[in-house]
Amino acid sequence: MGAVMVVSKENNDLIWKRRTSKEQWANWFFWLLGISIVLFAWNIISEKTVWFFVQDAPRQAADMGTRMVPPKWSYISKLIKPVWDTINIATLGTIIAMTIAIPVAFCAARNTTPHILVRIFALFVIVSSRSVNSLIWALMLVFILGPGVLAGTVAIGLRSIGFCAKLIYESIEEIDQNQVEAIKATGASNLQQMVFGILPQVLPTIAGVGIYRWDINIRESTILGLVGAGGIGLQLNGSINTLAWTQVSTILLVILLTVFVSEWVSAKVRGAII
Amino acid sequence: MLKLDNLTKRYNTGDLALQGVDLTIPDGQVLALIGPSGAGKSTLIRCVNRLVEPTNGSATLNDVNLTNLSSRALRKSRRKMGMIFQEYALVERLTVMENVLSGRLGYVGFWRSYFRKFPKKDVKEAFRLLDRVGLLEMADKRADELSGGQRQRVGICRALIQDPDLLLVDEPTASLDPKTSRQIMRLINELCEERGLTAIINIHDVLLAQMFSQRIVGLALGKVVYDGSPDGLTPEVLTQIYGEEDWSATIEKVDDEDEDD
Amino acid sequence: MNNLPDTSTYPTIWDKPPFIKKAWLRWSIIVGATLYLIAALASMDINVQRLLEGIPRGQRFIDSFFPPNFADNRGVVWEGILESVWMAIISTVAGIALSIPIGLGAARNLAPLWVYMFCRFIIAGSRTFPEIILAIFAVKLFGFGPFAGFIALSLGTIGFFAKLLAEDIENSSEAQAEAVKATGANWFQWVNYSIQPQVMPRMIGLSVYRLDINFRESAVVGIVGGGGIGATLNTAFSRYEFDTAAAILLVIICIVMVLEYASSILRKWVQ
């Protein structure tokens, strides 16, 4: 962690300090800088905060609590299609993303990219895809493609490309080169080296990344409806706008259940693959 | 016949790994390459099939100059050179059979190899080789389920299925226990004799080198300092190669114990 | 090929054993997956008319990236971005600060059972719901503005960080912990000398990663009223001000790139 044992001499006695004086000053400085930034940022935020609301919050919470209980169980029948839509958005979106992410990852990895320019382009694709939240992608796509499940699916797909490609290309760069060298020594072509030497090593990672992202996507798909991109978020948005709090709690419970099940499935499948 | 002519390798860091090595190896000869770490043994072997590019000089195999071949021609030539690696270098997640068949990749088109539809005679030869080294029942097992000695035997099959003219062996026993080391060296020797195969074996164990080769070349700091029969390894010669040491124990010939597989 | 006589016969065909050994399992998965895909695609309900309308709109959107319009007439964009940045920083700091005690409490080898269950419950709670939903409730409780966003993101950070911290602590070397304990150190010293050095490097890397995530999330909570650039982006889209929207997106991408670069440097320095 940068802490090196420092031994110095002072008045014929050996003294041990955890850091050199220079490191000590640097340490102090960065702490000071960090704290100043935090205080500054806090200042900006609290300027914008109406503190009355914050004080009022516990009362609001209690009020909301009573309104949300008991959940409206009859509402569940209306939620089946939206849950089906949500799962589809996540699954189809992940499938689209993985199909694109695998070639992008091979282009981005130092040891498999055909050309440095291709690598830079692939890395740019990855960063752009990752930087933009799926909800923002959904926002854009609703304006372009219209509201509905299609916008949601494409949004999830676009966002997931970056996430998956990054993890896959990192694992491609970490493979055991000896195995590839051996295949090379038999006279195999570059493509054969990739299929026989590299692919078997990264296949478990690819599968694991796909399932992992699918799990995260289920969670993200539940809220896409807030901007109109299909799924259970539509119901959530509608219920909140009409202040139908008991419906909201039903929806939240259904989301909880869906996320819970998908996490369980994901853990089981990943366990089987390794 | 393999002919190395003034083979030189200087790395980007400035290290001169090989300094003008001249060597002629006739057909069917098993040659052991000895020397301390960093002497250039690995580099020399890899310069022959150009896994490492030589800076100067040439390597000629059966009148084909390997050093200035285009990449297509190089691949064709690599088919004719089987390589056995120190850490086995098997593709761990593939089965033993796939690893052995991967020796034929240079002869088979991409799509056939992708769908694992290798020619019948290749499959037959793969089974035969696995039987020869005693691993027939392991054909469908994943490579990482095997022991070190077993993996090295798969590596040997992979090299032999190429039907090579030359065998390049890089420290085959470095990761193996003493008994397995002898078994492997004996196996390599027998196979070379059966096929009349030329081989360069890079090995650090001087005793094994003496027991299992017909000719020994000693490398020190990239230069050939000894080239002769295994019996000529006197303590003076070993000092020249490795440096000052008590060499009397190393070169004492030990009776070959009866090994059973 | 060699001198040995070929006395035995060997098989000439070999097929790789399939990944899923049981045939019935394999086939039911394949059939099930195909049926699912067909059903899913069928229920997608694609309106071709709307799609065709959308293409030129999409084209205009892409065009507005070249070049983007950074002219910010009302200063709203700049303000929004800054708000997002600060919100991300504060939430990360607060979230991590709270995560440390909770993470320590959620580690089986560190905490008594009831503390462990309590902390795990908190973690599960803050992990289940995406930050947006937390933001909706925060807005309802605390009013519009960055404070609500701050609360939502901090809670999200706790769920993320405390869980990973607890896992790392549970996976840390028992031998090292034992050694320090054997010297007679008290609980705090024990944590500081044996647990902390083992988990610190990864935690620092994770902190910067979480800062990255929080910044990206902060750009979104504004859509539901939690402050930050999200609201501005939403408005720009609904007004078809594509060039402003493009500018905002580019700034977001740049900031994320800078954060990633900083994080990789930080991780190398820590290693």
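Here the chain labels run A, B and C in written order, and each chain numbers its own residues starting at 1.
To be clear about the criterion, a contact is a pair of C-beta atoms (placed from the backbone, for glycine too) under 8 Å apart; a residue touches a chain by one contact, two chains touch by 3 or more.
It should be emphasised that the depicted structure is a prediction, and the values quoted were computed from it without experimental measurement.
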Number of hops, chain A to chain C, where each hop joins two touching chains: 1
Of A-B and B-C, whichever chain pair has more C-beta contact pairs: A-B
Chain A-chain C separation of Cα centroids, rounded to whole Å: 3
Separation of chain B from chain C, taking each centre as the mean of its C-alpha atoms, in whole Å: 49
Residue numbers of chain B (touch at least two other chains): 98
Residue numbers on chain B that touch chain A, as the complex places them: 49, 51, 75-79, 81-83, 85, 87, 89-94, 98, 102-107, 110, 113-114, 155, 158, 162, 168
Residues of chain B defined as touching chain C within the complex: 95, 97-98, 101, 116, 118, 120-121, 123-128, 131-132, 139-140, 163, 194-196
Chain A - residues contacting chain C, complex: 1-2, 37-38, 40-42, 44-46, 48-50, 53-54, 57, 60-61, 64, 84-85, 88, 91-92, 127-128, 130-133, 135-136, 139-140, 143-146, 148-150, 153, 219-220, 222-223, 226-227, 236, 240, 252, 255-256, 259-260
Partner chain B, residues of chain C touching it in the complex: 1-4, 6, 8, 10-17
Interfacial residue positions of chain C with respect to chain A in the complex: 36, 40-41, 43-47, 50-51, 53-54, 57-58, 61, 82-83, 85-87, 89-90, 93, 128-130, 132-133, 136-137, 140-143, 145-147, 150, 197, 200-201, 216-217, 219-220, 223-224, 227, 230, 233-234, 237-238, 240, 245, 249, 252-253, 255-257, 260, 269-270
